[in-house]
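Have a look at the structure below before the remarks.
Think of it as A, B, C, D and E in the order they're written, each chain with its own count starting at 1.
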């Protein structure tokens, strides 16, 4: 009885959720939005400094979101490496001896680096940007890591932490400096918009890649006791 | 009815499926998968609903990009925690072992 | 009409893979299906005229999450012995 | 202009401290953080004074006004909570700088996480944009999870995983609500939506959105019966972290829920919903206190007490819905006082509990025997904080209870009086249980560890602030009330 | 802000400051602690004396500021408050002296005296409160400050007694809070005013006002130990003797009784209580409690428990007196507030002396103690005869005045109650006195200690004698100006002014 209930109750709840969601979607779809944001956005695009609207929203109109989002990434990275008690790079289990993978790497890594560069460069005008480029870059690192190439900079140390914080720090710096130049916070001085956005995107790319890679690297575990309050 | 709206409905479905899985499944990794399904569903609702009337809208797309990055951060962090938890306790679910610790699991 | 058909197909595939992900008995399979789900999502984003998200979903969603999850699954698979030793470690750690 | 600078200082400098601390080890991070705490407290105070004098304002970040940009809402309530955050987080930070052992390598990550947490809190208090609040919430949750897990063993990991999953589910529900809101109105600004709501005919979508957002936030605030994740997480974390989480982090999600209710509740709420939420809050008060009475571990008692105290906050919902303006105002004032006094008292209590655990070497309530004889000072701060939790005069808890009583009477919803009275008696039961344990005579010599004076002073100061809150409640409330005039409140 | 506004808070602050200083005093600096204690007590006595004179001259001591929206924190000194304040100031001084001797060489004295001072500060606050809200503030503070005193010994019985005490008083406090909040929501902030506020109460308020009155009396009745809310008082006997003395004579039960006086006279007004038909039930309740306490006291073998039930009975004299409509009855009730304090504190001091010097706790162990400890026993005898109501001691004045009040109010049954209870008083006190003086000591005392020349420590010896002397003086000199009786008559006259 209890088992059946344990299945049916969540099932009913989920179905109710879907039905209610569906109903409200249908209701919302039937009415016009009172604010037409795309139109507003299109009107301001020429002030944004970039040609791609998504990039404009991310790095100009709603750049505070992006700043906090990078902070979230950095937090995840910090927590991740705080869990890795020692440099886990020497863990032999991680290395793949797969020859296919090894061969793939030779071809893939340069290609992926190229792709990352392209995505970053394209971000201003076309789809693409720091996140995608960062992810590709991180993918590169993952491949190298699986191939057993020691990535020394990922050892929990100063270098790693600099890498984690760099993109975020530059973003923050630009935000504050532009404010000092008399603009509103997180606003760019006129004329400087595009170069600044590109700069931010570049460092962000590296930082994002670094965080993701750090999380990947710190996921494997190793032994370390944790004497502390909870170990009564 | 536009294709966008269809995807929004699909998103609602995904939310429901994910929700069910999230509550029902015990394995932490599976819970995480379910959470990602809810996330995808939510993103589909966000973009699909916003775009059903007036075509592409950059704002929700940007929001979804932010959301994806946030959820990958959370997912990656969760994986790290789950793996370490598994390493220390040998368990893959939260409920399995309130007995061996005598604390922390009281509800 | 064809587009409608494609969209419907895609949506069905999305929901099916989602259910399959959660109902799969084997964890490894579940993760593989989830990666497939991520790729389908990318296609859906293209259909929604959101190429940025499609790129991100491929790279981050399907790619990186997939690798992380697969890595974790392989860890769990090796887990039997590790966990046993991990247990004693934990006990040792507590005594310190 | 200076106000805008101060405000930006609050949003961005914590992030800068975080990055700086990330590059340093624990001891140097401690130095930087002490400097940072001083700066933040001063800036918060400055902003509070400025807003108290000149009134609140809306601020578009990046020079972009809503709906295109992100709007911040700087009003009396927000700056009061910012000041509260500065005081409580500053105290917890200073306590942690002595409490945490610098030789543990992973504690170096404490400071960055601490500062990110602070930044997230400030972001939430000021946020006026639905999606931005989502990102702020995630920032908070992840750094809180990181802090709980920091250097922990199995139990800490289990607690933090439970916390993480609950927080993620909560944020997703919230985000789903945001998606529906955006679909309906095409804007994310809270003020914008509030001004559009009265003209909206079809309320199914926004209603559902509201329901989703509120339930997500309720999960994150640990409203009964969604509170299961809170006691393990708050009980197991290091004491300064527990203090931060209980005092501030849960309040953030509640704050958003309350703001949404006050802005949208008139159109999207109903008596049934309001009473339901209030009922859950009442159940939390009773159930949480009852469980707190039954815990054998000191910090679990304090953690369950948080579940109960959070319950009081949710009485705001029925007491502001469809009642007279007087009652509504009284309820809001009561809620604000409860947030402030609980934050101060609970932080003091967790810090003092940490000291007691440090001193006795035991997590058990029963381990406190003899404490009143050998460690009167540590017990004293705990006791004073307890006075506020019980709602005894002249504490802030009492003032809050008084205002809520008045609101219940003025709105004719007398059944909440039962909850308030029963809750305060039950909370007296668990607080006095601890007093009693500490008054048990213990013969023999003093084998307790005596914590350094700096650890003792911080909780004492917080407890005294919470205790004396009622005496300065009137001027404080007059600044908080600024929120109701400047914003687009109903 | 003039000096007259500052005098009440300064008076309050002396004991509050003393508490803080004592908490900070290291355990072994007993000399310093005693100095702080006595200095504070003397200063306070002086300040209260100034206020008594001032109130007599018609000076208005009044301080008020808004604390919460619509609620003021008010301190003021009127005739009634300085009467209570004077009582606690005098008795605090004596109890402090006594407690210093009683707790010599025992542990945790800083904690004890700290909370002791806090307790008296709360009592002062109760005396000087200018409205119900302020009263509630200090009333609850008193609860908290007395708990550590009750559980001071840390034994199982002490902790159990503490739990009972807290259970009763906190519940009472919660009821009181609801009542005050309700009243506040109904009619706003009410300062205490002679004659009360509801002389011509609107008829639609009758039902809520009646309910609120019942709640108020229930909340205050817990501390005043009115039947059936008295259960905590006999249990609290495990506390050290000075604490019992304080609990019974000055602070806790008196706070309850004082609160009832305030509610009946200065909030509702005696006329409106009578008009609501609440005065008579209150008198009946008091009468029942008087008899109940006396009957229970008869069968108590433990000396302090016997005194405790006697307190339950005696405090209700106050309630009975004030619920007799008319200035004479009121004066009788009010004067008993003082008289009972003085007499009961004498008895408790003596009981403490027997326990501390000879190790005696039970009535049947007292045989022949009069010869071993004549000073203490004389004091005890005076106190006991005072309680019984022998002329010309304090108790007689009370009973006489109340009886006159009963005749004036046409409530003759009250006289029967008084007579009956006097007989019962005699029945439970006279055997004790008889044992003291007219029986031979059977064998060794349970636990005897010696202090050189005096029969006991000088700190313990003098306080009961002084209070015994006061018991005689207030009786003999009852008609002098500034005697308790004339002061009570002054207050009563003001309450009944048109």
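Just so it is clear, a contact is a pair of C-beta atoms (placed from the backbone, for glycine too) under 8 Å apart; a residue touches a chain by one contact, two chains touch by 3 or more.
Bear in mind that the values here come from a model prediction, so they are computed numbers and not experimental data.
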Chains touching both subunit A and subunit B: C, D
Identity of the chain that, by mean CA position, is farthest from subunit A: E
Most remote chain, CA-based centroid, reference being subunit C: E
Top-ranked pair of chains - ranking by C-beta pairs in contact: A-D
Chain closest to the middle [Cα centroid of all protein chains]: D
Separation of subunit A from subunit E, taking each centre as the mean of its C-alpha atoms, in whole Å: 71
Rounded Å distance, subunit D centre to subunit E centre (Cα mean): 43
Centre-to-centre distance between subunit D and subunit B (centres being mean Cα positions), rounded to whole Å: 26
Averaged-CA centre spacing for the pair subunit D and subunit C, given as whole angstrom: 35
Per-residue overlap in subunit E, given as positions that touch at least 2 other chains: none
Touching two or more other chains - residues of subunit D: 131, 135, 138, 142, 145-146, 149, 153-155, 176, 180, 183, 186, 236
Subunit C: positions in contact with at least two other chains: 52, 56, 60, 64, 68, 72, 75, 86, 89-90, 93-94
Complex interface listing, subunit D residues touching subunit A: 4, 8, 11-12, 15-16, 18-19, 22-23, 60-64, 67-70, 104-106, 109, 112-113, 116, 119-120, 123, 131-132, 135-136, 138-139, 142-143, 145-146, 149-153, 155-156, 176, 180, 183-187, 192, 196, 199-202, 204-205, 207-209, 236, 238-239, 354, 357, 362-363
Of subunit D, residues touching subunit E in the complex: 330, 333, 372-373, 376, 380, 387, 390, 392-394, 398-399, 401-403, 405-406, 409-410, 417, 421, 424-425, 428, 432, 435-436, 439-442, 470-471, 473-474, 477
Contacting residues of subunit C [partner subunit A, same complex]: 51-52, 54-56, 59-60, 63-64, 67-68, 71-72, 75, 78, 86, 89, 92-94, 96
Residues of subunit A defined as touching subunit C within the complex: 54, 93, 119, 127-129, 131-132, 135-136, 138-139, 142, 212, 215-216, 219-221, 223-227, 231
Residues of subunit C defined as touching subunit B within the complex: 3-4, 7-8, 11, 14-15, 18-19, 21-22, 27, 30-31, 34, 37, 41, 44-45, 47-50, 52-53, 56-57, 60-61, 64-65, 68-69, 72-73, 75-76, 79, 82-84, 86-87, 89-90
